[in-house]
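Alright, structures below, take your time with them.
Look for subunit A in each of the two complexes below; its partner is subunit B in the first and subunit C in the second.
On to the complex of A and B.
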């Protein structure tokens, strides 16, 4: 392996890592705050991509940034709605985890069905930013560069929001101890809904990038969902930052394993590694076994 | 003291046989190939859903690899039967073995995990299988799957022929065998261990249940059925598609389990039936189909979390309530003369706070004597006492709520011992009686004790039979009664015909021309009275009853049958009584649980002697000091 190839593989790992970080952070926000696993996260990604595609069609497109903002804001609303309709009714049931798995799975089928009805099964692609950077013999598309930059910026913003803003700190408090947070007068249902909305908005953001890198189909969300799942398990959810580190680790692993064992075996390698991590360190590589953002 | 008869003795046996009979006769009546096809799919999905219920519902393991194991069964059938040319029958069996091996591999990482981690690992494992399948395209056909798999045949007969009749019966046999096998496992030691771990993990472990071993067994066994179903599915559809690993298939089968009712075995099978037919009925609507099915699943989970099976139970509950109250209404209206002839007393309905009860009263000016009947009986059980005591007593008896021709009442409030005692007070008061001698039998014995302990009616003499007074509830139940007897049926709501015969036979007398009415009244009894008798046991102030017996202000007698199959006679003998007739429980020779009915002459003589003794005490100034045998 030449240095150039090595750098190239590293870079593609970083690109994947940035994408996975966006997906996994959204998933982890819901998991840490509400303690449930949202199987509709993948379809949120698809919905974000399709909404942005729809907005970019026709002559009266408002430009990339407003389109992205509208689709992300709509996804936030979808997330809140999802929480109110599919998760909240089961919150107090003894088997809430299993029930919410079932309802979010059903919700995912509904969203996927709606995408299918509205946009049809034909694959589409979001316009990506044309052009690439050449540096020391390495080629990198503007799209990837922008994605890494935006992903890092957004994750930093979310991190700052969770760490320094009152609402973000309240969300972390609810995640750590729901009853105590409630005793302190925090509006738990509102914070839960906000967490779900934030998670869906992050998914929509990831959808913008996925849609510009690959072809969009109504079922495009299931693969990112599995990747996000691997990342979250890999990193654990002890801190907000754990899935981010894990995302880059997984991205690197994927890039190198694609180089060495090929595209087909890479998912199997990742899953096998994840199972190994769970057997040895079920709390994830970066964390303690507890819920907290 | 858990009652767990073999399946053929339970109330579900006849319905299950009926369903099996209908399914077996179906292809003979309908030769339509499509209808048979649907039912074959129903059988396959029912096996997958019911076996998933073993690990998910009973084991409490949210095992998301189950559908992947089903898919693994399909693929191992494809590879063995098509690529390697193994006999299809062997390949189906091999599907089960492959699934067990894979499940054991899955079990290893999740033996120590809990909750959502189990979901994630098993889901990841099924994705791993999926990735392996689509990456090994030379063996598995990759994303396009395997087609034209060999079908089942014996000799030259192809099972698909004659409109799939061969497949239909193989599927039905597999379905019946799987359900029977799963039912046997659930009832076995392993099944109990699984449920114990699910309900209270640390208690189960403290009792010596190995969590790892039980989980492994649960996963392996449920995988075996899924693998067999997969192999058979492969032989029937003759296609192995990687879609079988997908989230869509997972959602569909999981919805059968949850909407059917997890942890019930029959629920997921019923769920498979309903959801398969439903999804077939709306198959032409494209994407609307998944949307509609998903909406139905969510609606079921929100509005009817118990699923279809709970719905069937509720329906049964409704039918039973209607049946018993209609039966009571009919008897109240049209069989009154028979009852009045039996007791030689007029019957009237008395309104209480809880509802109307039927009361038989001989009237007259003699001292009042109240009889209170037991669980699932009626006031006519005392017909020999009415005949004997009516001459010199005012004999009164009433049907407890939900019994005899009294009304069914609100189970939450009316079906417990204090409410029964309050109803007895209301009955006596509205007959203008404020002091009476009381005899209570079995459940009625507790009512009599409670009535005396409440003190609103002056109880001049108190006698019980077939009742073990209780100190510490519920622990003393185990000491006071013989758990091997049919008594374990006493708290059961629905009886099979055999159970009804057994319990009524032991509690009163085996069916004969004389005792037939006790068996027919049994079928009228509101089953909820039995259920609530047990579940509302805590509302009674048991220690107050024991204090009353120890203090001995009321003359007291125990007139048990010497051969009562339910009672632990030693426990009753060793309790402390302040004022008991003959200084110890007086056993009626050859009497059983209802000595007044089995041995009426001996019983009546004893009761009469006791009443005279109580009357003689009442004439003396110091009753407690004179508590000697007459």
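On to the complex of A and C.
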């Protein structure tokens, strides 16, 4: 393996890692705050990508950034709606976790059906940013570079929001102890809805990336969703950063395993490695299994 | 009766389907503090949780400064074994509204937010008192009462000792700018030294805020409150004014006979 190849594989690992980090963080925000797993997270990816695609069609496209902003904002609204219709009615019920598995799966298939109905099953692609940078003998496309930079910036912004802003702090407080948060007068339903919206917006962001990397299909989100789930379990959710680190580890592993083992066996290799790690460290690679954001 | 700060009218409640307390009626005058005393498991904590809106009352009303805190309509009862109407039934209480009104509940052995630092926790508590009082002054006052917390500001709650957590809890209650503070067994499980420290702080809070205190130590309550309510099997079984208050041993003998 030459240095060039090595660097190239590393780069593709980082790109995958950035994508998984966005996905996994979105999942973890809902998981830690509401205590449920949102199976519709994958379809939020597809919805974000298709919305951006629709906006970019026709002569009156406002440009990439406004389109992206509109589709992410719409996804925020979709997330809030999802929470109100599918999750909130079952809150605090004896089997809320199982019920929410069912309702979010149902929501996922409904959204997927709507996408199929509106845009059809033919695959589409978001316009990617053309051009490349040559550096140390490897070629990086602008698209990859922008993606990594944007993902890192967004995650840093979300981290700062959770840590320093009043609303973010309150979200963490509700996640860690709902009753104590209520006794301090925090608006729990509003914070839950915001967490869901934030998570969906992150998924929409990831959708823009996936849409510019691969072909878009209505079920384009299911594979990244599975990876994100792996990342969250693998990394643990002790800290906001745990799934992010884990995402880059998984991305790297996937890139190297694709190069050495081949595409076909990569999922099996990934799972085997992770099961081995979780046997030794069941609480996740980067900390204890605790609901804390 | 409109002059009362807090008034409970025939309040009943519990955890569906088990009723925990029934027909609790009491009125607190402005500036007076009361204590609740009774054996464990007889509904004192459930009563406080109902007043603060964590649980819906089954019947009766809660009035604070003459304003009804619960919705007027009756509790929606579950009428069918097979269908769950609860989704359609609006809650009778909203904890946020209770806090906004200035009624703050410091829960029993509150674990707070394990991954938040003390500083962040106090900042969250400050949101509760927004617009009602000078938050910064209250924060400084709370830190003056518990100097130990000042050294711990950057520390996460989960690294604090039980006593320090209790201090943060009480400090949060104070920072939330209460008009009435409910303390649920504030000295539970503390060492005598910490107990003493916390008791002194609570005495100092008492100078500016009326309290409802649940505690097992009558001698502590005696020095703090004006009226003691005895709580027994979910009902108020007795009322003792400050001047008639017996010592801990006397009261135990009164309640349980010679064996204690």
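Just so it is clear, the second predicted complex is superposed on the first by the 290 of 293 C-alpha atoms of A that agree within 3 Å, B and C clash if a C-alpha of one lies under 4 Å from a C-alpha of the other, contacts with A are read in each partner's own complex, and residues count from 1 in each chain.
Quick note on the criterion: contacts are C-beta pairs under 8 Å (C-beta built on N, C-alpha and C of every residue); 3 or more make two chains touch, one makes a residue touch a chain.
If you're wondering where the values come from, they're calculated on a predicted model, not measured in any experiment.
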Side-by-side fit of subunit B and subunit C on subunit A, or clash: fit
Which superposed partner A:177 touches (first subunit B, second subunit C, both, neither): second
After the two structures are overlaid on chain A, angle v-u-w for subunit B, subunit A, subunit C in degrees (C-alpha centres, nearest 10): 60
Contacts of A:185 with subunit B and subunit C, given as first, second, both or neither: second
First (subunit B), second (subunit C), both or neither touched by A:89: both
First (subunit B), second (subunit C), both or neither touched by A:149: neither
First (subunit B), second (subunit C), both or neither touched by A:160: neither
First, second, both or neither for A:109, with subunit B first and subunit C second: first
Larger contact residue set on subunit A - subunit B or subunit C: B
Which of subunit B and subunit C A:77 touches, first, second, both or neither: neither
Lowest C-alpha to C-alpha distance for subunit C against subunit B (Å): 6
Overlapping contact positions on subunit A, where the subunit C interface meets the subunit B interface: 89-90, 93
Interface residues, subunit A side, partner subunit C - complex: 89-90, 93, 166, 169-170, 172-173, 176-177, 179-188, 239, 290, 292-293
Interfacial residue positions of subunit C with respect to subunit A in the complex: 52-54, 84, 86-87, 95-96, 98-100, 104-107, 110-116, 120-121, 123-125, 127-128, 172, 176
Sites on subunit B touched by subunit A in the complex: 62, 108-109, 112-113, 115-117, 119-121, 123-125, 127-128, 131-132, 134-135, 246-248, 250-251, 254-255, 258, 286-291, 293-295, 297-298, 301-302, 305
Subunit B contact footprint on subunit A (complex, rising order): 31, 35-37, 39, 85-86, 89-90, 93, 97-99, 101-103, 105-110, 112-114, 116-117, 222, 226, 229-230, 232-233, 264-265, 267-268, 271-272, 274-275, 278-279, 282
